[in-house]
């Protein structure tokens, strides 16, 4: 859907996931750090969360596919126009394909965390592939458009391929909080950038059009991308701080003495460079 | 051989290997997981399988070289045409070179798994080099052809170089089931894409020709590549499920009690994130 | 600031940091090697140094932002020129953005080394991101300039992206002296190259102008870049030698006997390849 | 020196080093495998070899620099031609710069293996940098030449950058026989390819000139590069086999009984996938 909503929809999906991850992973990290206190129920709890996350991901993907296929000017599952001897609504089909891989990733998440047959790292591998496919299709997607249109999509690819590499590294470094926070920030960046693309290419509410061939606009938009990322870093940092503060407050209330001991011991092992 | 058969032949080779890997590695993984039950004979068995695999690879490579050289319009081992002062059948020679490196990889497989002198990881290294050489030659292969012809071959390179990197990682992470399944899926993708290239460039049975300069065709073929990969993932997942189900069924019949204990213990160690 | 000072300022920042790192890391390495002798106070001392380093980095970034914004011909925080309907002083804004990310990196350094809530590797991750953003903005920065102008900036990118990758590796290999020295040398290279760019593009003191379109100049400048790096390597090696010599001299004065024992034991473990 | 000798000289250097490495590393590997038998003197012996290797490397680099500077049509250390206001003999100066970094690498080798102050991995890091600089300078070296001239140099870059990455990996995986053999093969490839470039661009003995703009020649030369690599692999494999056979023969003569025990034990630990 080459309009504002077609960019706002995936943008919202990515924002929701990015924000959620920026809460989940710090929480997991804080719980793991204070293992003895939070041991009861936390493991099965986190496993249930992973399953729900996979289900939500698959649901979002399904919504995306349905929206792309059955909007009024969509292809309605028709791929080839026999009268005009050309492919029908290829853009919508490409977007559907992107959603399809995120759907597969969601299903793999569910299977990985409900059964024991699949190795754990498979959820990361499949997500990494899904993100790569998104970038791969976008790369060939923008051929032959206006300069600024191409540029905003190419900028998106930086966060997409960055995310794919980051998630692939998680296959080997599972549970690395640095990579998890990095992924969260890239996901928020992608989400907010989809909204930005929508505002630039299809100004809502009859706002002024952007000059798609102006070199100044291109320089500005590149810089704007960095500001989006600074904003994403700020969000992730704020969420990390809040979650850490929340966990420590709750800890102090329950077991003030024991906690202090644990904390000091952890500092020592952390410092060991 | 720039015709349908010249693409169907390597395509079939890759499909056979991809399918075989998508059975072998899950089987190995399941046996390793249930080590105490399957310990008898499995190690020497798998070693013999590796030797056979190497022999089949070398045989396929030899068939490929012979086919490229001795088809009616082939070079018949002649490299330089002295009358016309130009190289003779360079395409066939390039394909022969690709097969040659797969042949070397097959021989290295055999030597690695029969003698003890060669370090184990050498089989992966040599396979990685063989796949890289394939991609390297393809990259310079398509210079100056029609747009769609170039594009379908460049798409192939994604799976080729992806496979080469994946196998190179296996040098350091040998026996990582994630990488092994990833490799299997890329190999199936390559095989099915060779068939697709054959159908696009040389439609068999007098089918309609593809317009090699149409932009819509290019967008479609990119998407089609992703569908092929979704299909490859599905095949690998199905084979993985079948093998795992088969191993567990067989286990339950023989030692139901002991098995349960083993399984629960494994879950615990797997969960340790 | 597209003038000599605008390149000398960041150049000096990078030179100061590079030189400082080429002293700090060998010192840390020598102290760690002679652990038993230097144990008292060294850990808290190095931690305090990290905090100060972060504060200096943030201060430099602030100076850079203020200089870019409030020089006489700067934007003075004005982004859009409503009269002429175009963006205002985009170059200065881009430079401010680069400094901003270094500022964030400085703040993260301080937080990481004062509180215990943030994982240690976060300081490296954020520095890696800051360096990447610098390279990212430079890459789109030089569009449409003279050949030699583009070339000197692209050469800079080699050290920038090299540095970013090196620091990212440090997330996983923290405390690896090889990577730390490599980073120091790249940082010195970047600093001295900023000065070189200033001298080439804005010859100070009314020196002769460089012909920005001459192919010979381009070849020379590429080679000159390598000489800068040879010089950076020499500086790092000299500092490494001096620091090591200083630590060992100081050791010999205090505990000559014990030292010998330690040294011989270390040699043995070092040799174990 | 843009003539046959100017390519044969570095080609011979690389060939000598490649061949030497393809003997040294298998020998080291075989000795390490049979540790208990070969323990006496082997460690100090190998260390002395490393020092000699560094000295030879530095000597070769010095010969290269002197040859580039003081051939009859060389720059004789003159960099700028003040009469004609242009740089003097930039090609020779670029080659000298390449040799300079190999010289630094040689010196670092010597220092690393004679004193204990420098971390061991530094020799690999510096060699990796030297190889990278070679590729970096070659990349900007060939601008504006004939098609085939550019192509043969770009092909060289594959082995140069491949070698640089391989050596950089050795910083982290020191003593990995796979990487060491890979490096040997790439070094032999580089050496033989330098000779090939000499034969193509400056046919010695008044042979027929190559048509530098012919597309067929370009395709052939790409394939020829792969054959060179197949040849390099063969040489490394042959040397590996000879060395292994030699070590085992010598072992059998001295301690036949003890050896058998060691061997069988090793097989077991090797098999543990």
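We call the chains A, B, C and D, going by the order they appear; numbering starts again at 1 in every chain.
What we mean here is this: a residue touches a chain if its C-beta (ideal position, glycine included) is under 8 Å from a C-beta of that chain, and two chains touch if they have at least 3 such contacts.
Going by UniProt, the chains are A, B, C, D = Transmembrane protein 45B.
This is a predicted model, so every value here is computed, not measured.
The minimal number of chain-to-chain contact steps leading from subunit B to subunit D is 1. Between the contact lists of subunit A and subunit B, the overlap is empty.
For subunit B, the chain with the farthest CA centroid is C. Where subunit A touches subunit C, under half of the residue numbers in use are shared by the two copies, so each contributes mostly different positions. Work out the mean CA point of subunit A and of subunit D, and you get 44 Å between them.
With centres taken as mean Cα positions, subunit D sits 31 Å from subunit C.
Taken residue by residue, subunit D touches two or more other chains at no position, since every residue touches fewer.
The chain pairs satisfying the stated touch condition come to A-B, A-C, B-D, C-D. Residues of subunit D touching subunit C in their complex: 43, 47, 86-87, 90, 93-94, 97, 100-101, 104, 116-122, 125-126, 129, 133, 136-137, 140-141, 143-144, 171-172, 174-175.
Subunit A meets subunit C in the complex at residues 29, 158, 173, 177-178, 181-182, 214-220, 222-223, 226-227, 229-230, 233, 240-241, 244, 248, 263, 266-267, 270-271, 273.
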